[in-house]
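Structure record follows, encoded as structure tokens.
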Amino acid sequence: MHIAFIGLGNMGAPMARNLLKAGHALTVFDLNPTALSALQADGAAVAPSARKAAAEADFVITMLPAATHVRATYLGPEGVLAGVRPGVPLVDSSTIDPATIRALAAEAKRQGNPIADAPVSGGTGGAQAGTLTFMVGAEPTLFEQLKPVLSCMGRNIVHCGDTGTGQVAKICNNLILGISMIGVSEAMALGVKLGIDAGVLAGIVNTSTGRCWAADTCNPYPGVIETAPASRGYSGGFGADLMLKDLGLATDAARSVRQPLFLGALAQQIYQAVSQAGDGHLDFSGVIRQYQAKEEPKA
Amino acid sequence: MHIAFIGLGNMGAPMARNLLKAGHALTVFDLNPTALSALQADGAAVAPSARKAAAEADFVITMLPAATHVRATYLGPEGVLAGVRPGVPLVDSSTIDPATIRALAAEAKRQGNPIADAPVSGGTGGAQAGTLTFMVGAEPTLFEQLKPVLSCMGRNIVHCGDTGTGQVAKICNNLILGISMIGVSEAMALGVKLGIDAGVLAGIVNTSTGRCWAADTCNPYPGVIETAPASRGYSGGFGADLMLKDLGLATDAARSVRQPLFLGALAQQIYQAVSQAGDGHLDFSGVIRQYQAKEEPKA
Amino acid sequence: MHIAFIGLGNMGAPMARNLLKAGHALTVFDLNPTALSALQADGAAVAPSARKAAAEADFVITMLPAATHVRATYLGPEGVLAGVRPGVPLVDSSTIDPATIRALAAEAKRQGNPIADAPVSGGTGGAQAGTLTFMVGAEPTLFEQLKPVLSCMGRNIVHCGDTGTGQVAKICNNLILGISMIGVSEAMALGVKLGIDAGVLAGIVNTSTGRCWAADTCNPYPGVIETAPASRGYSGGFGADLMLKDLGLATDAARSVRQPLFLGALAQQIYQAVSQAGDGHLDFSGVIRQYQAKEEPKA
Amino acid sequence: MHIAFIGLGNMGAPMARNLLKAGHALTVFDLNPTALSALQADGAAVAPSARKAAAEADFVITMLPAATHVRATYLGPEGVLAGVRPGVPLVDSSTIDPATIRALAAEAKRQGNPIADAPVSGGTGGAQAGTLTFMVGAEPTLFEQLKPVLSCMGRNIVHCGDTGTGQVAKICNNLILGISMIGVSEAMALGVKLGIDAGVLAGIVNTSTGRCWAADTCNPYPGVIETAPASRGYSGGFGADLMLKDLGLATDAARSVRQPLFLGALAQQIYQAVSQAGDGHLDFSGVIRQYQAKEEPKA
């Protein structure tokens, strides 16, 4: 199949490579010429615009940083909708707000193109290994069309409902994750201060009602889980600034439906404090540092 | 072995019964004569005071509602320390603050009695079935002495460290639990409002990084987990008022060591709103109701 | 002077009328024909677009609901910038984010038009009476030009600094206001529950360190201040939904500079709960209802 | 009149001195012998216990750090109630929870002693100058008896209602104060980051709806108010640890009546972070430092 792939960043580039490996013909576009050359070396054709990339494709995939880029890439004069043939399915794998993708879907439908949102989880590691999870919002027939293509890049292709629900699923999952990571941080910092061993405490939590991914897989206390970012100086992993962005999507989406998010909004501010302190590039489990005294009490 | 058991409430009574079943001789005390009669009918001897109950025992267990009861039961003129023989081990299974049990331990040590804190998880169901988890704070030798006795009432007897660490473990676990339940409630309420099916959303969360006991076992959205309190009107389970009490222990303990708990303190207030609304007796997952519109918008 | 006035809502219409009264020639535009007819009856000329309204003006004033309207009104093909002559000063009195007005200023400067942001406080009452406060962000020379015009509509014309600082001043003032109103609500609800008379408590606060506009002028407890919205069922005043909008501007602006707002973000969610409960049209002091038990505790 | 004064700390000592100056005969007691000697040098008689101090007094005043000291001082074997003659009025000026003073009042009443709570505001400066405000909870007749005595130490003697309401008034005032100081800190830090001059912003707030004591008298931004602690390195003033204590009293009192305090509880944690950072001894307006970046963003 002839696929157009637009957006070759840390996630998009390895995803595109996995499509090439699976034998698909690929035309790529990105604003960054270095990223384009790298994919060209791997066998992809290069287009001078999103419009041109989409023009001959049977399938279009986009992977972009934020909603403004998605709108520009689809709706701009040199954008996907200006070039794509009617009937060609479109998939946006960016993590953005549900409202934007739903508005875009209405626009695309007018010219006969079905569109799905399919944000991913699994990080750059999953993108390289082809083991991403795709959370797909799409009409059932579109979902069936997408499944084989997305399967070249991911292991779990989950149908979440109609357009926009992929974003909803991702946002809601990360809302829980962002909150529970802070909950675990508060508990670990408190427990250690009150005299319990961090490993013992984690062991109890992980076999009790407090168990969660943030405690048993990505525990923020150094040394508790050997493979966790906390045990290597919070490097790698899912950056605090990305969590900050996702909590921003959650509180914005909640605002649009007048839904209060007491803990979610406070969690967002706490990650903002992480970012302000210059630690936004570290794994989001580094938020535990906000709970550890920075200096000894002054006289 | 001759065991004194003091405190025959919803938890204490079935725990005491399991000791009888295991063949121990039991002397019991409670302020409530009905509770005493019931245990007497099951074969326990009844004492007129904690002091008298402890006087002839080789082992003393207490299971009381709060720190004031624990202090009175141990330190009062008719209390355990006034009656117990030196060397007899004491176990308090109440959920209280670490500072109280540590102060009590210092007092008991002065007259030669080692004391352990051993709060439980598992609820009244676990108390009846003898499948409780005991989180034990005790010197290693004391822990070895306690283990066979506690094993008559529970399945997991976990050594958390020295005196007080059993309470620390319980408080920290429930801090995470109280927070993550609200996190899941915010995410489920938001997701449904944004158009995703509750069951689909829970399915994604439970296989992703948002997974936690509050989502996969006790999900607050009705109908998602058939066995969860949410699917039976929030009856049974772990009462919101009990979670409120435990979060109070967490924030109080944090105050004593100047440790900020941003989400924990806010979670406490949210459960307080549940209690104020008259729902404190319901399972704590009923907190999701705080996120669901009580009435249609007025004109 | 020939003034173009665009945006004739609850605030804009009476402001435009005060310019007419002061003897200015007025050309008006609004999407709502009823609003146009009303101003025409008062002596204003009516234009078919913002572009046409601006074309012959010596001065342009806009008063619009939100940033999207401001962008469309200035930058659209039928917008102000497409019609206005170079050198004509522009004033936007809408309450929007500082970033939008700063971007707009850069755009307007390119074609030789200086622009000022001049959001107001004082509500519809102040708009009618001509007693508004204008918080003006503008170069000093532009500020001197604007002052006599704005003085026809307001009593205090405050120079806050360069473009955007008018919005910053308004947002920051309302951030304090939104927070202090909730603080007063928590204190009044708590005090009354603990047995003090509401009027006595307010009297003490208002002569002590807790004194603030939210307590001494707009006290949320009914009957404490006779002229306050609380004493007439929370009707009139500054709507909770408007406060919700302004706190949204504050947290969004804070996000753009990585500045955490712990209380501000939580306050925003609390007003969101007011809105969700259907009370967003009431005065924002009605937030105290969130702290008063809705029903008696159930058995 | 013969007055017993117990508790000669930073507040109590200058208060006692003002009673001496007013011509009253004073018997004092404190656990600290240095404090006793100092008052003795000023003309007070010294007693070996609270009981002895109270024994011959016509009037008893206590000024102690916390509820535990108040209970011990009144109810202990060497305490006030063990020594005082029936009918002698008692006044406790400590800042404690309303429940403790109400329980104490019930106890004192049984032996015929009326008791009032009369916490103060005005700080050590007001204590020395005799310009304190007393918030008095007392039966009307008792209030009339106390008034002339308290007037020797303060300027405003406010009757708040029956026993306990003095504490309620103080706690509620400080709840508003603690919240509004953080609100002002968030707004000042945000405004400056967004490009407005701190003095200009404060000037606008102070003449608008955001005005409050925390902004116009004790503004947390250095240099805005010359006489404020912020302009002298946050020295002097009302310590952050004292605000932390008072917010603890507020949230504890709220817990006792199931009243949620969302902002109050979060504010408490923010002052706890101040304390954890070693700044608890500084004026509470130093909380603004929590909102200022500690370090430049790392690469």
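Per-chain residue numbering starts at 1, and chain names A, B, C and D are given in the order in which the chains are listed.
Please note the rule applied: a residue touches a chain if its C-beta (ideal position, glycine included) is under 8 Å from a C-beta of that chain, and two chains touch if they have at least 3 such contacts.
These are the chains along with the protein names UniProt gives them: A, B, C, D = 3-hydroxyisobutyrate dehydrogenase.
Predicted model, so just to flag it, every value in this text is computed and none were measured.
Participant: Measuring between mean CA coordinates, which chain is farthest from subunit A?
Facilitator: Of all the other chains, the one whose centre lies farthest from subunit A is D.
Participant: Among A-C, B-D or A-D, where does the B-C interface recur, judging by over half of the contact pairs matching in residue number?
Facilitator: Within A-C, B-D or A-D, the interface duplicating B-C belongs to A-D.
Participant: I'd like to verify one number: the distance from the centre of subunit A to the centre of subunit C, where each centre is the average of its C-alpha atoms, in whole angstrom.
Facilitator: Comparing mean C-alpha positions, subunit C is 37 Å from subunit A.
Participant: Can you work out the whole-Å distance between the CA centroids of subunit A and subunit D?
Facilitator: For subunit A versus subunit D, the centre distance works out to 51 Å.
Participant: What is the distance in Å between the mean C-alpha positions of subunit C and subunit D?
Facilitator: 38
Participant: Which residue numbers or ranges of subunit A touch two or more of the other chains?
Facilitator: Residues 254, 259-262, 266, 270, 276, 280 of subunit A each touch two or more of the other chains.
Participant: Provide the residue numbers of subunit D that touch subunit B in the complex, in ascending order.
Facilitator: 248, 251, 254-255, 258-262, 265-266, 268-270, 272-273, 275-276, 280
Participant: Tell me, which parts of subunit D touch subunit A in their complex?
Facilitator: 262, 266, 276-281, 293-298
Participant: Sort out for me which residues of subunit B touch subunit A in the complex.
Facilitator: 98, 121, 133, 135, 156, 158-162, 164-165, 168-169, 171-177, 179-180, 182-184, 186-191, 193-197, 200-201, 203-205, 207-215, 217-218, 250, 253-254, 257, 259-264, 266-267, 270, 291
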